[in-house]
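Next up is a structure, given as structure tokens.
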Amino acid sequence: MSMEIASNSHYRDHSTARMTKDKLFLGIVIGLAILTISPIVLIIYKLIVKGIKQISFSFIFETTPNTYEAMTALASGERIPGGILNGITGTLLMVVMAALIAIPVGIVTGVYLYENQKKKLAAIVRNTADIIQGTPSIVLGLIAYIWVVKHITMGFSALAGSVSLSIMMLPMIVRSTEETLKMIPNTLKEAALAMGVPYYKVIIRVLIPTGFSGLLTGILLSVSRVIGETAPLMLTALGSTMVNWDLSKPTSAIPLLVWEFYNDPNMVDLIWSTSLLLMGIVLLFNLLSRQFAKSRK
Amino acid sequence: MNSDRITKIVLLSVSMLILLIAGGMVFSLVKGAIPAFQQFGFSFFTSNVWNPTEGKEQYSALPFIVGTLMTSVLALLIALPLSFASSLFLGEYYRGTRAAKIISTMVDLLAGIPSIVYGLWGFYVLRPIMVDLGIGVQGFGVFTAGLILAIMIIPYATSISNEIIAMVPNDLKEAAYSLGATRLEVIQTVTVPAARSGIVAGYILAFGRAIGETMAVTMLIGNANLIPKSLFSSGNTMASVIANQFGEADGLKLSSLIAIGLILFVMTGIINWLGKYIIKKFE
Amino acid sequence: MMNENTIQINNPVLSVRNLSVAYDQNVAVKNVSVDFKKNAITAIMGPSGCGKSTLLRAFNRMHELYENIHTTGEIILNGTDIMKLPPIRVRRHMGMVFQRPNPFPTMSIYDNVIAGYKLNGIRLKHSEKDEIVERSLTDVALWDEVKDALFKKGTFLSGGQQQRLCIARALAFNPEVILLDEPTSALDPIATAKIEELLVELKKQYSIIMVTHNMSQAARISDFSLFMYLGEMVEYDKTKVMFTTPKDKRTEAYLTGKFG
């Protein structure tokens, strides 16, 4: 049947080999894609299997044990006492503080970029935000160390930690605000302006409420990114075995505790549960932000 | 003054804050690095010595620049086929399907895992495998660090190239199909050439990520302050040496760490600018 | 099998039997059976959404690129039922030209013309390539305009030139049939006139089937006309006959501008 078609072409097209190659390539693509996502499954699996048994009421509501307590518990085969309350409160303190700094500045800057799309200065601000966003978090830790630890609090402090985290959040909020506002139809703004509403009221009453879920998406995503940050906090907040609400004092954080437990052979049992909790919080914020992003569409 | 003018001034002045922060960052890093640069001059970039012994103090960034490049290039090479395959899966073969949604959510979640969790997993899961394979010093080293880094940067490379691949106009692909091409041939001759610069930009940005990653690398690279002799030797990256050595640092050592921070800042700045420039040109 | 509004064609280049195409559950082309004449221009007309492009794209099995489109029936090209062959072996025997000019933007004019050979993994000698490029570009009256710019990107040409380049690309393989899907809808009147002139010239060597939404274009250049409405083939006849004495009321309504 196919002879006629085939004989019409005096060129060999190797079509069977080509079709085989095509199928083979698809197989490779699927295989590699599955391989790519396998770490996330393996990591979460490992965290749950190793960490779930340590999570309890006291794990969340007690502060970290000292090495001696942990050692004694280990020696007598008991569960390590205490929990990570100091880390939870520290993370809460520093992330809330960082958000309080970064959100207003970030949103205002985002509005500025949106209002001045074509201006050269806006382009400079935008590029600067991108550069800061690409800066490794450890460098931001160094900066907060130089600025806050050495010159303001004269020692490791929660404030220094917050500053490093807020610099990290800032560009993410700036860019997400600008992108969100860009999607709002211009007519909405013009309608309000045409009614003689002052410019600032248009921003506060029209632009920000309309883009609210978009702004929230950006904020939640930036929070989910900084919650897990360890390196800048090592250089700034240092850590503490106590619950601390004083911005000028060294403070712990959940990721800092993971690092401490990792380095202390007696506390190793606690790292999995701590990481599991950290991962859970990060994923929660991540999923929340996705939920808001979805509701916008 | 009317309220509109005030609004404009407030918007402008708050926005200048970010320039001030960036300017302050450069200023503080340069100021902090000056003592080290003055003391060691050009040898800060050429010597292989990191010696904190009092009186014989000598620091150099070279071992860490080399360590950073080795781990990051390795990570990129490992990530390349994986993220390329994933972006073809998401942007070409299964675009818009349930399978793509699941895979893309998972890839996004990879970006959400904290660095320290990657480090732990690398330490307790990956490293023992390396030991069994006889790779590295007790499983530590450039190779192990590069492997974990590869997993960490995959989402960055994938998300950009997947979007760009999905944007390749359908009528170009149909033109190739109408000439008798297989899907693979369409990908080779139409899709990838059309998306090339976007794909490259994605890898450049991912490379920028790899260079600055700290915790996971710190936990796996073996922390040796010298130029790694091979892929399986211990070493340190710029980021990991700062994390490692910062605790006990002051004076010249602190200045040297800040200088390394400055080099890292400049390097990531250039790489990110390059990536964004390519994307912009592409658009 | 054929209804009374259909003309009998002897020795057809392409025959279609009971062809139906469905997007998911929506049938876009219903049970079409038709023969196409060799070395002639056949125009497929109808109001938008009537399934004319869907029908054309079924001929070279483009629908199989999309999972939600299902095609049934027989398509016989020069005596071979091509539905039984792998699509990649079929498509290059039918050149296709699209609505918008779509030269490959990453390839030179030269490479665009021989893209079909490259894509099919056929290795040619330099002299063979040169010959094919010159012949195809001459066929579409583009050779004189671009012969000094063969290695420039095709995207720098004007819209009309780009579309002629796309026709050259489709001709390079000496296809049995050329399928054109509203090839002039994105072009200005002058470029359109050139393409029409070209198609009349090309039918000496090739068999041409084109979808058009432009009745006067069909009247000007086609030898046969096929009128579709709501996925059905309503009428098929010599163009002259159909435009003067349409048999079906719907055809008449369309030709007198009552819809579409």
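To keep things simple, chains are lettered A, B and C as they appear, and every chain counts its residues starting from 1.
Heads up, the rule we're going with is that a residue touches a chain if its C-beta (ideal position, glycine included) is under 8 Å from a C-beta of that chain, and two chains touch if they have at least 3 such contacts.
Quick caveat: nothing in here was measured; it's all calculated off a predicted structure.
K.L.:
Spell out the chains that contact subunit A while also contacting subunit B.
P.N.:
Touches both subunit A and subunit B: C.
K.L.:
Taking mean CA positions as centres, which chain lies farthest from subunit C?
P.N.:
Looking at centroid distances, A is the chain farthest away.
K.L.:
Once you count every C-beta pair in contact for both, which comes out on top, B-C or A-C?
P.N.:
B-C
K.L.:
Distance from the CA centroid of subunit A to that of subunit B, rounded to the nearest Å?
P.N.:
16
K.L.:
Could you state the distance in Å from the CA-based centre of subunit B to that of subunit C?
P.N.:
50
K.L.:
Could you give the separation in Å between the centres of subunit A and subunit C, each centre being the mean of its C-alpha atoms?
P.N.:
Subunit A and subunit C have C-alpha centres separated by 53 Å.
K.L.:
What positions in subunit A touch 2 or more of the other chains?
P.N.:
13, 18-19
K.L.:
Which parts of subunit C, given as residue numbers and ranges, touch two or more other chains?
P.N.:
Within subunit C, residues 88-90, 92, 120-121, 173 contact more than one other chain.
K.L.:
Quick check on subunit B: which residues sit in contact with 2+ other chains?
P.N.:
As it turns out, subunit B has residues touching two or more other chains at 180, 182, 185.
K.L.:
For a test of understanding, state which residues of subunit B touch subunit A in their complex under the given definition.
P.N.:
Going through subunit B, the ones touching subunit A are 3-4, 6-8, 10-12, 14-19, 21-22, 24-25, 28-29, 32, 81-86, 88-90, 93, 103, 105-110, 112-121, 123-125, 151, 154, 158, 180, 182-185, 187, 205, 208, 211-215, 218-219, 239, 242-243, 246-247, 257-258, 261, 264-265, 268-269, 271-273, 276.
K.L.:
So in the complex, the part of subunit C that touches subunit B is made up of which residues?
P.N.:
Against subunit B, the touching part of subunit C is residues 60, 62, 65, 88-92, 94-96, 98-100, 102, 104-107, 115-116, 118-121, 166, 169-170, 173.
K.L.:
Applying the document's contact rule, which stretches of subunit A touch subunit B when the two form their complex?
P.N.:
Residue positions touching the partner: 13, 18-19, 21-22, 25-26, 28-33, 35-37, 39-43, 46-47, 104-105, 108-109, 111-113, 115, 122, 124-125, 127-139, 142-143, 146-147, 167, 170-171, 174, 198-200, 203, 224-225, 227-231, 234-235, 255, 258-259, 262, 271-272, 275, 278-279, 282-283, 286, 290.
K.L.:
For subunit B, which residues count as touching subunit C in their complex?
P.N.:
Per the touch definition, subunit B meets subunit C at residues 169, 171-172, 174-182, 185-186, 189-190, 193-194, 196.
K.L.:
Would you mind writing out the residues of subunit A in touch with subunit C in their complex?
P.N.:
These residues of subunit A touch subunit C: 1-6, 8-9, 11-15, 18-19.
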